[in-house]
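Lettered A, B, C and D in written order, each chain numbered from 1.
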Amino acid sequence: MSSHTQSNGPAATPPPVKVAIVGASGYSGEELVRLLLNHPHAELTAVTSRQRAGLTVAQVFPKFASHPRAKTLRFTEPNAELLARQAQVVFLALPHGVAAEYAIPLLKAGCQVIDLSADFRLRSAAVYQEFYAHDHPAPELLAKAVYGLPEFYRDAIRGASLIASPGCYPTSVLLPTLPLLRAGLIQPGSIIADSLSGVSGAGRKAELDYLFVECNESVRAYGVPKHRHLSEIEQELALAAGCAVTIQFTPHLIPVNRGILTTLYLTPAKAVAGAEPAAAFAEEVAACYRAAYANEPFVRLLEGKALPDTKNVVGTNVLELAWRVDARTGRLLVISAEDNIVKGASGQAVQAFNLLCGFPETAGLA
Amino acid sequence: MSSHTQSNGPAATPPPVKVAIVGASGYSGEELVRLLLNHPHAELTAVTSRQRAGLTVAQVFPKFASHPRAKTLRFTEPNAELLARQAQVVFLALPHGVAAEYAIPLLKAGCQVIDLSADFRLRSAAVYQEFYAHDHPAPELLAKAVYGLPEFYRDAIRGASLIASPGCYPTSVLLPTLPLLRAGLIQPGSIIADSLSGVSGAGRKAELDYLFVECNESVRAYGVPKHRHLSEIEQELALAAGCAVTIQFTPHLIPVNRGILTTLYLTPAKAVAGAEPAAAFAEEVAACYRAAYANEPFVRLLEGKALPDTKNVVGTNVLELAWRVDARTGRLLVISAEDNIVKGASGQAVQAFNLLCGFPETAGLA
Amino acid sequence: MSSHTQSNGPAATPPPVKVAIVGASGYSGEELVRLLLNHPHAELTAVTSRQRAGLTVAQVFPKFASHPRAKTLRFTEPNAELLARQAQVVFLALPHGVAAEYAIPLLKAGCQVIDLSADFRLRSAAVYQEFYAHDHPAPELLAKAVYGLPEFYRDAIRGASLIASPGCYPTSVLLPTLPLLRAGLIQPGSIIADSLSGVSGAGRKAELDYLFVECNESVRAYGVPKHRHLSEIEQELALAAGCAVTIQFTPHLIPVNRGILTTLYLTPAKAVAGAEPAAAFAEEVAACYRAAYANEPFVRLLEGKALPDTKNVVGTNVLELAWRVDARTGRLLVISAEDNIVKGASGQAVQAFNLLCGFPETAGLA
Amino acid sequence: MSSHTQSNGPAATPPPVKVAIVGASGYSGEELVRLLLNHPHAELTAVTSRQRAGLTVAQVFPKFASHPRAKTLRFTEPNAELLARQAQVVFLALPHGVAAEYAIPLLKAGCQVIDLSADFRLRSAAVYQEFYAHDHPAPELLAKAVYGLPEFYRDAIRGASLIASPGCYPTSVLLPTLPLLRAGLIQPGSIIADSLSGVSGAGRKAELDYLFVECNESVRAYGVPKHRHLSEIEQELALAAGCAVTIQFTPHLIPVNRGILTTLYLTPAKAVAGAEPAAAFAEEVAACYRAAYANEPFVRLLEGKALPDTKNVVGTNVLELAWRVDARTGRLLVISAEDNIVKGASGQAVQAFNLLCGFPETAGLA
């Protein structure tokens, strides 16, 4: 998948790229602020938020108050025309359906746009309409958008003007399954993904369901059985499998701030029940994952006894991956863990930003 | 303080008393629903909530769905006239300032009212105005109201028509300090109360500050230095001390659902620094607490090495109490733990209800 | 499955049955203490614990200190001969492999034994050896033991001398699947059970893995792919299906004290993809569940939009159950929630105790 | 207090300093590993742990597994002679009483030692004996040791060979109080410190008290009234006040992984009750804090409405500080928040390391 994980940095320090964040007061926006304030090659010139306009970054996010820019950089009302003058690359951390209205004028003005919403992830406006229940706001841009999963779209990202950064659940499902599908190791129709997400995945929204008392000492499934993220996941799985793919996906809400753990139940393409076939297939899977990810800076293959644990990836851009072949049932289990806000959102967007600008892919993310 | 902790139950089972809850969809209301559905001498005939009118108790609170009445009892819009026909005793679990408008007609109609808000806790309309920033809605009722702290107002509660059930913080401060002040063991002006409260204390309100992600892995003080509950606490302390009392009170929000832990720093009326004076004073304090609480069913004195822990009282109507005299500083430390929603709100209200109706004080609370 | 959910209580109050708990200092033991201290027809005469011998119940469990018996009832060293004189029914809350050594002499002495360990759950000593890696300590008792799942073994429990109370995970898997298998609605080989358990499931053991800091803000799978509980689950599934059954089972540890949520992925016996077949099959499943559980006091069918949530069952003996047929994939999803220590352990044991003694099945559990 | 917060880095990059960590498998050790692996001027050459000897950093701490050195650096048995050859600066993250036995040979061999235990924090071996209940293991080194609180001992740290890094609670009490005592603004005898600590403060120890289930949904005080950290706090307060100081200090355990919030109750040196005196005194306090900390990179003064919150400092080396003068009581309240493992332990040790080696004080800590 990847030959050049880290591009060679240029000999001299490149001039910083001016960047802006639209919708910077949510959890993904906040993480973008953190990453871009500390990015060695980015200069954060604008942050916008309707509710927080006028306040400094230090006032809205006290935890960043010790950064030298936090006392001077102020939130503004979002204004595409102004943003286009302030920044070369604009990150959109907005709700679905809203991102498009900023993307259009920013692209026209020559900006590069990295959108963290679902607006440009689907190639088909019809599928968007089916899952999001309204017409796509800018169908003409869909062909232009690149799906911002660096491990699989590295080259396309490098030349893109519009990057649709993947969702948190999709990232946790796609990185484990795409190599297996491409290699023909599993049956495309067999995929069951059982995901557990921290509460930040619901966004910074004042809703009763996400109050501390409603989430603490509670576990629950939701969005069963047709979650919106399915459309994006199935699109990418189909491209890898070379045929339409329908999967089973169940998200659950668990009382942690950050992290997604996804357990995948997969049926191998051939029968592998029994100790020896299972061991042999486990080695085939290992070889497939090593080929895909051994040189990837942000995918960590666990080959020993350890299983993924969200606490080992929270705060980082790393996705952990482990697998087991069950000799009794002949099924393949794959488990992934990621920080839903970093590799599942803002970190992945910065990873794409690094590719876009020719910086080392790990810049600002180590 | 207390001579007959448990009144003798009548020989025959008394007929159940019809009760209603106004504002039953918040956390205190929910706990009242739980306690009154299972109360051996109460029949819950009405629950009201503007937002939930029309739904059954089972729909609003799935956890009570197995109770036989949960599928038939429906939330209604609050209507004082109707409530007066449905119930003899009405519990008000409403925001401050709103409770009074229901109390007035209900009292006129002959109901007994147990109000869990702050509306009738203060004897002075002027103090109410100072702390709550609006005129008292029914100043003529203040003289009629009885402060519903059973351990100190047991007899008055028995004959009351309007009971002002104490706040959660006040209960955690008053039960430890009132006996000491009455006995003249501490300096009234020395009281410092440092309180830690679970998030349910903020109510079931859709506000960003109480989202899971904002509270989990966080600890913070708030309402410093002039919290509204001060007025109620200081009123009762002054009555016990026989002089005006001003205290220091700092509430903190900690990431638990339920529970208040209050640590009190008190200056003894006489100097007790040094090992022997400290030990002697500790024994005086013990004797004072035993006299006050040995027969109280809902105050648990910890006389060994153990210190109060909220996990030992959550879900119960018990307040735990321990004390230490610091031989180095000569100060008295007292620590209390309670469930803020039970002894700090709904359980205490049911305790008062039991007194009001002549039931055993522990009925429905054990 | 059940015709008489509640036996009619006898006209006069039955005399209390003397009961004892061996291994009462763990989490299941503690919950048994709570349930039996408050049980209307049980008298708790002995509690044992090697580490806590000599201490009172109030000292070991401060939260029970307000119960009148807590200050006098003392933990003792476990001694089968003595226990047989103190109690008619003895609950064993001991580790696997240890329970048998108490069960043998207690049964000989005429006691009835309710064992919460896995020692007597399997009918085959060979399967026990395979999953627990040591010889069964008392294979001659296996034929005598009754699997203590009241919803399916009610009559056998009534006459039993040795009850093997089910495990927490098995309960969460069996109650959702047994009726479906008996009715032939699902393919026996298709069962995938993805379970999320609170940390109390690991027991009160001083191990690094279960420290607060290791579990909080963490989610992880464990025991993959061959967990010990599989043996017990598959035995009961096979009995219901009438053929050998091998399932996929993945337990996960999540940061809550109590609760198990199990999500089951099942393949219907016939093809049900598409809106109409799916809706029709959902109705068949509903009818099957209603037939099995409509009169069960401790199984709550959620037939509306709500999905199970552990916070709605924690502290109760209720298991919540909901199901969805996915019209896209043709799979049946069933989700269950229970309190792992109550319905998953001690509450279920008390439910069996009630049957054993002819008490109303809900006595002490409502 | 501080004139040169950041020393000017030398023109050329300095060669990295070789460092080792003794006792690297606890929480402070783990954080030192994280900080030193990523420190621009340090090369981590050795990590020791009796229990983990032979394992790689990646095996012991999966979360660091993506760092290039984590797969090759192995834990070893601690051996002072060997360590002295491997490192110039050695961090000791060991239990009290054990650190000294490594410090002595390391110092003799010419290493510089930064000790995170309490062994060298006290100037008096007698006070050590009183609070730690055993003779000091190396009293001759006490005079040599420098208390590693950079904000107050910056110059001494620069030339030290043995640095006694402050405790977590002491840091949270001393930074707020030392400037006030030096300026004579508060009565030295009046200090009451009420502290709330996350569970990591108890260390990575397999004890029942720190199990998830015992800490979650629980709050409790402990170590009342004579906690060991008092000795260290009072020593430093006395030096600032110019007289013996005895304080009141109550630590509490709260269910968060990281963070200490300390609320201080202080009596001003003059009477300040009433609105105007209180406001004037608040301004004096503000001026005092600004003089002390305005240029400090790791002390953040909150001068607006915001109060400290542990979530704003966790993961950083920053201590947040706010203050209020209560016009009603005339008391001064000061609240501090820090990460107990960073500014309260390992981050502060690295800050001292930077001073020791002439690096920018914020190197590796921003």
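By definition in this document, contacts are C-beta pairs under 8 Å (C-beta built on N, C-alpha and C of every residue); 3 or more make two chains touch, one makes a residue touch a chain.
As the structure is a prediction and not an experimental result, all values here were calculated from the model.
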If you tally the C-beta contacts for A-B and for A-C, which one comes out higher? A-C
Taking CA centroids for every chain, report which one is farthest away from subunit A. B
Counting only Cα atoms for the centres, state how far subunit A is from subunit D in Å. 37
Can you compute the centre-to-centre distance for subunit A and subunit C, using the mean CA position of each chain? Integer Å is fine. 40
Taking each chain's mean CA coordinate, subunit A and subunit B are separated, in whole Å, by 47
Residues of subunit C that contact two or more other chains, please. 214, 216-217, 255-257, 309, 311
Any idea which subunit A residues touch subunit D in the complex? 38, 59, 62-63, 65-66, 217, 297-298, 300, 302, 304, 306, 309, 311-313, 315-316, 318, 320, 366
Which of the residues in subunit A end up touching subunit C in this complex? 192, 194, 196, 214, 216-222, 224-226, 246-248, 250, 252, 254-259, 261, 263, 265, 307-311, 314, 324, 326, 328-329, 331, 333, 335, 337
In the complex, go through subunit B and note every residue touching subunit A. 27, 198-200, 204-208, 210-217, 255-257
